[in-house]
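In the part that follows, the structures are each spelled out as structure tokens.
In what comes next, subunit A is part of two complexes: it sits with subunit B in the first one and with subunit C in the second one.
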Partner chain A sequence: MTTTEPSVGNAGRATARPAGPRPGSPLAAIRSSTRAARTRRKWYEIIGLTAPAAIVFTMFVLAPMGFAVYYSLYRWNGYGWPTEFKGLSNYFGELGAFRDPIFLDALRNNAIIIVGSLLVQGPLALGIALLLNRKFRFRSVFRLLVFVPYVIAEVTVGIMWSLILLGGSVTDTFLNAIGLGGLVTGWLANLDVVIWTMLFILTWKYTGFALILFLAGLSNVPTELTEAAALDGASWWQIQWRITIPLLGPTIRIWMFLSMIGSLQVFDVIWVAASPAVRSLGASNSMATYMVDHGFNERQWGYGNAVAVILFTISFVAALLFQRFVLRRDVDDARTGRVN
Partner chain B sequence: MAATSLLPRRRHPLHWSSPLTYVLAIAVAAVSIGPVVYVILGGFRTTGQIAVDPAGLPHPWVWSTYSNVLQNSKFWYQLRNSGIIAGSTTIGVVVLGVLAAFVLARYTFRGREAIYTYFTIGLLFPAAAGILPLYLLLRDLNLADSYLGVIIPQVAFQLPLTIVILRPFLAAVPGELEDAAAVDGANRLGFFWRILLPLSRPVLVTVAVLAFVASWNSFLLPLLVLQSDSLQTLPLGVQNFSAEHSQDTAGILAFTSLAMLPALLFFSVAERKIVNSLQGAVKG
Partner chain C sequence: MAITRRSGAVVALLAATTLLLAACGSGGGDTNTNSSDLYKNPVTLVWWNNYNTDGPGKTYWQKVAADFHNLHPTVTVQFNGIETNELQRSKLPAALLSNSPPDIFAAWGGGEMVEQVQAGYLKDITDQTKTEVANIGPASNIWAVNGKQYGLPYQFAVEGFWYNKDIFTQAGITSAPKTMDDLNADIAKIKAVGKIPIAVGAGDKWPAAHWWYNFALRECSATALANAGAKHTFDDACFVKAGQDLQTFNATNPYQPNFLATPGQKGADSSAGLVANGKAAMELMGAWDGGTMGSLTPDKKQPSFLGWFPFPSVSGGAGNQSAAMGGGDGFACSKKAPPECVEFLKYIVSPDVEKGYAATGAGNPIVKGSEAGLTDPVLQAIAQATQQAGGVQLWLDTQFGATAGTAMNDAIVAIFAQKGDPNGVVTALKNAAR
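Let's turn to the complex of A and B:
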């Protein structure tokens, strides 16, 4: 970084300053050049410090989505440059994704997982969070135990449950023992049941995530409010219902957002817990497993990328709509409520 | 309910609560760790024992299954691979993230909000969506089947969340501190290095923990990128072991238990950190 290099813009400004030293004086030259140097240095810093993150992010997160759009217009085995242009036929053609019943199954399964996660995990986690937010002895031990499913890798969770749910294994024994033997079915083999089994496993795994967020949100609820309400004779239930839960609103909405994006990309648990055969029949697949099955495993790169684009578009539109109509209020609240 | 107590409550902040609270808490805890306990105990049984009585306790206790896994070199190099990848990812995310967040928090310049918004686009769609073209890109860059082929994309995936968590924290450090540093002759980078970084240690640990856990547990990217046996991480190892030894239920249970162990130990140490970190994310 040289400091002597004159900068046109700043030199001009320096001469225009009425109170400054006479134009052309050595002092003015030094001052303007140091200011120019400082501005230049600032920009060097801005660029130098953000560029690594911006480049890595652009190259490995955003650019691949751009490539996906391009590849999805071709039939391509992945080698060389794609040449066999097919237009939108990977999407809407005779053999396109939207005409494949197995892909439509994947869409339905993703929808089941999104809605099921929101409807089951939310209320469940809220109830547990309110419970664990009460002060009682050994509370921290309970908190630790309840988070365990969230920490274990998805793959491990999938393998674990596939062994527990195996026909004639511990689940069936347990159900027989408590007199519910009539319910026993092929949890991972019955094509009508397996997606609900997946939803169950995902619920076990991810309720802990909602719980962590809710407990964090609850710790932000000022105790003065609840104590004041208690002094006024409000019951525990009234306090939760009228004060705590409404104040938890922003947290719940952020969790809904994260849960939705997460449900759209569900892959690991389904990949390992249900057999590939069950998956390929559409009983337990998701958009992500369908994409990897066809794009990566069967080397139909154009088609797989079309599925990627569909997955991306659904997520992106859903995320923007959610931000626009649900999260926006929170952002505005935060802005007006900020102290400084 | 507890408010009826005649004792001043403040002197007993952690009193015994009603039995119902404990019943519910124990039920929830049992559902959470029951399956995990089953898997760990199952590793101490033989496959024969498990077949005869799926829900029984080990009788007698068998230690050889666990010791076999611990003598299996695969387990150890998978553990090492996971460690290398998660460790490098964490360092990469924290370094790149804090530099970018520092600029976005403490420099005033045209286009700042645009750059911030640009990074947050990454939160609007799942990383899995781009996995196929990402794999092709890595292949063309000769990064497929290498540690870096997993590390660099994982850094990229984790950057948006990291920046979103770090920026408000760095912005909240009072400007007076920066002015004082300037009076003492520190330029902005000096202020960053000597004052801001030490002050932000808690939040840096937070984003580091999040990045480490995400990388340690990740499956899809390593599944596509790491083809060589010698490079595989623990999640891939768990899947391969269960596929290759599908008749050896006890072995799978033991392998799975040992694969869970590092994460569980890590979590029991860092639990408060993880919870606090997500709290920070919720606020931001």
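Let's turn to the complex of A and C:
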């Protein structure tokens, strides 16, 4: 950066650009300064073009995150500005989140939903996707039917299932009618059962999402491969197992990632379908519902922020680990495809 | 080209920054009127009311807003109906923290109001409302902090049992129970005719918690309750006793099955719905229950079989056996509100407006003389009980504020779920008060 450089002026440099000195010419000094100028200009452009997005991102994502961390160090009821500094006691103190059995219940419930979603929704959606990928009449109608639950709003789903499952309603009558009356329980009231009821509702709702991703992935599997395999005498099962599913790998891994993050942050269906009492007893709560219950309803905004920070940290670390160990191969493939 | 592109970026950047600064900068501008030029400048009062669902209550308050504008054309009242919990728990704190809070908003009094006053959000209306406070009587104290008035109630009533007279007759019960022993005997009789004795909306937590409040009211001396309210001390053994009473009572299995999932007011399967549709014999609930039940029957009419009696006495309890739990609704003005806000508040609690409110059947008016507007016999009985009660205690969760109140309700629900014990409630209260 010489002092003369700015005097060259933007206009002069910009017009000089197409006629820049060729490599090896005696104008090497000028060339290098022009190259520096070009680099600088590139950076101006990068900064100028990304600044609006960067400012918005900082204001609405980074700054609130910073505030959340800051608030989480206080005992604060939301009136006035926080003044009662408590250090990390909202996290680890005697009354901190990690010592509250109800919060630990929320962690366990989130874990159940993550594992349950991956183990149930994935295979279920994959099976349906492989079936619906074959050609038959009314295929699109069936595709639509499986996808419909995903399109319905979460709150609607929650209310609908709470009405279906409430004691003495449709479900119990149906079970009694088919001779399974012994199974009838408080689907939404039995504290040992509620979380499985929630998992059922979430599976019902989100299998369609996995399905649509898998169908999109299947349409990218070249038919040449399956046709060639078929000509070689491979059975339908062998084709699916050895060709289609391996080629669907990137899609499945992306779905796992989305499902995991969604399960960590699950809120609305649980909030609407399970009663506040069952939630506050730790039977159906998730980290997100716990956060709202304690942050807003119990008006402990500092504590609520601490829970938000914990939820964010867990999601962030889970996302990083998943990227590092599972998605890495897909990302590397993409990079080698682009560079060189 | 390059220049254009770059300067374009700069312009975009500047534009974005300006927009952001403008967005951050707006929202100031206090109203600097003082009381001498009342009604001289045009003002708009933003009113946050908790009547958010269509019905006679909401229609009435909208009419009150319009009437006030007709009386004082410089004042425009902008009515906003917001669901109670959303208003109190999330919208109002955020709005009060901002530069532009609503001018007049729903206030429950008690601990919540103490916190709002401590943060300096509310207008002191002591001097302007002396007449109104005298007309309202002692209940106005709930909307006062340290002897200063910060809000006024327009409705207040005690709670009790809403019961189905037909089921009582069918079960051979001739008079409303006076003691817990009477109530237990009646529960056995109702079970014998195959009905649910008591519906409880434990799913919503607070309807279950009210059972504990009433036991605490019967077990605790006035001093113990006053100390709990003012100083958040819960050392008196009566608070454990209340939980033991509740445990004993719950052991008689008086409620509908799966009550932990039963909502209080939503749908025909809610606790109010079970009574309204003749499946359950009674429910412990506030004065609004008749209106709620009316919206849950197939013909949308309040059932004619409804009767009312106060919470029975508990033998050996140190509390006043004729005292009652109660609560009400009021409004408060934010500190930044123009003086016209106080005038509107006074208008709301004026006898004529209160009589009109009584006629809607949406609740019990509080100003003396306005109970004449009540037409519903049950509401008349409640108004009488409110006046004759040997002391009225505000809902304990409202009294203790959101933090201690919610922790207490959670611990009481744990007793209902047989996951907690009487000491748990006291521990939760003490932890929240720390």
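In this section, the second predicted complex is superposed on the first by the 282 of 340 C-alpha atoms of A that agree within 3 Å, B and C clash if a C-alpha of one lies under 4 Å from a C-alpha of the other, contacts with A are read in each partner's own complex, and residues count from 1 in each chain.
Everything below uses one rule, namely that a contact is a pair of C-beta atoms (placed from the backbone, for glycine too) under 8 Å apart; a residue touches a chain by one contact, two chains touch by 3 or more.
Here the structure is a predicted model, which means the values were calculated and not measured.
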With both complexes superposed on chain A, which partner does A:G78 reach: first (subunit B), second (subunit C), both or neither?
both
Have a look at where A:M59 lands relative to subunit B and subunit C in the superposition and call it first, second, both or neither.
both
Quick check for you: in the superposed arrangement, does A:S169 touch first (subunit B), second (subunit C), both or neither?
both
Counting residues of subunit A touched by each of subunit B and subunit C, the higher count belongs to B
With both complexes overlaid on chain A, does A:G186 touch subunit B (first), subunit C (second), both or neither?
second
Report for A:F67: first if it touches subunit B alone, second if subunit C alone, otherwise both or neither.
first
Please work out whether A:T156 is in contact with subunit B alone, subunit C alone, both, or neither, and reply first, second, both or neither.
first
A:L281 in the overlay: touching subunit B, subunit C, both, or neither? Say first, second, both or neither.
second
Share the list of subunit A residues that count as touching for subunit B in one structure and for subunit C in the other.
45, 49, 52, 56, 59, 78, 163, 168-169, 296
Please output the residues of subunit C touching subunit A within their complex, sorted ascending.
1-3, 5-6, 9-10, 12-13, 16-17, 20, 85, 89-90, 93-94, 96-97, 115-116, 118-121, 202-205, 208, 257-263, 267, 269, 401-403, 406-407, 410, 413-414, 416-417, 419, 431-432, 434
Which subunit A residues qualify as touching subunit B in the complex?
42-43, 45-46, 49-50, 52-54, 56-57, 59-65, 67-68, 71, 78, 128, 131-132, 134-137, 139, 142-149, 151-156, 159-164, 168-170, 172-174, 177, 204, 208, 212-213, 215-217, 219-220, 230, 236, 250-251, 254, 261-262, 264-265, 267-268, 271-272, 288, 291-292, 295-296, 301, 304-305, 308, 311-312, 315-316, 319-320, 323
Considering only the defined contacts, which subunit B positions touch subunit A in the complex?
1, 3, 13-17, 21-22, 24-25, 28-29, 31-33, 35-36, 38-39, 42, 53-55, 96-97, 99-100, 102-104, 107, 109, 115, 118-119, 121-137, 152-153, 155-157, 159-160, 163, 188-189, 213, 216-217, 219-220, 223-224, 234-236, 238-239, 242, 249, 252-253, 256, 259-260, 263-264, 266-268, 271, 274-276, 278-279, 282-283
In the complex, subunit A residues that touch subunit C
10-11, 14, 17, 41, 44-45, 48-49, 51-52, 55-56, 59, 77-80, 95, 163, 166-169, 186-191, 274-278, 280-281, 293, 296-300
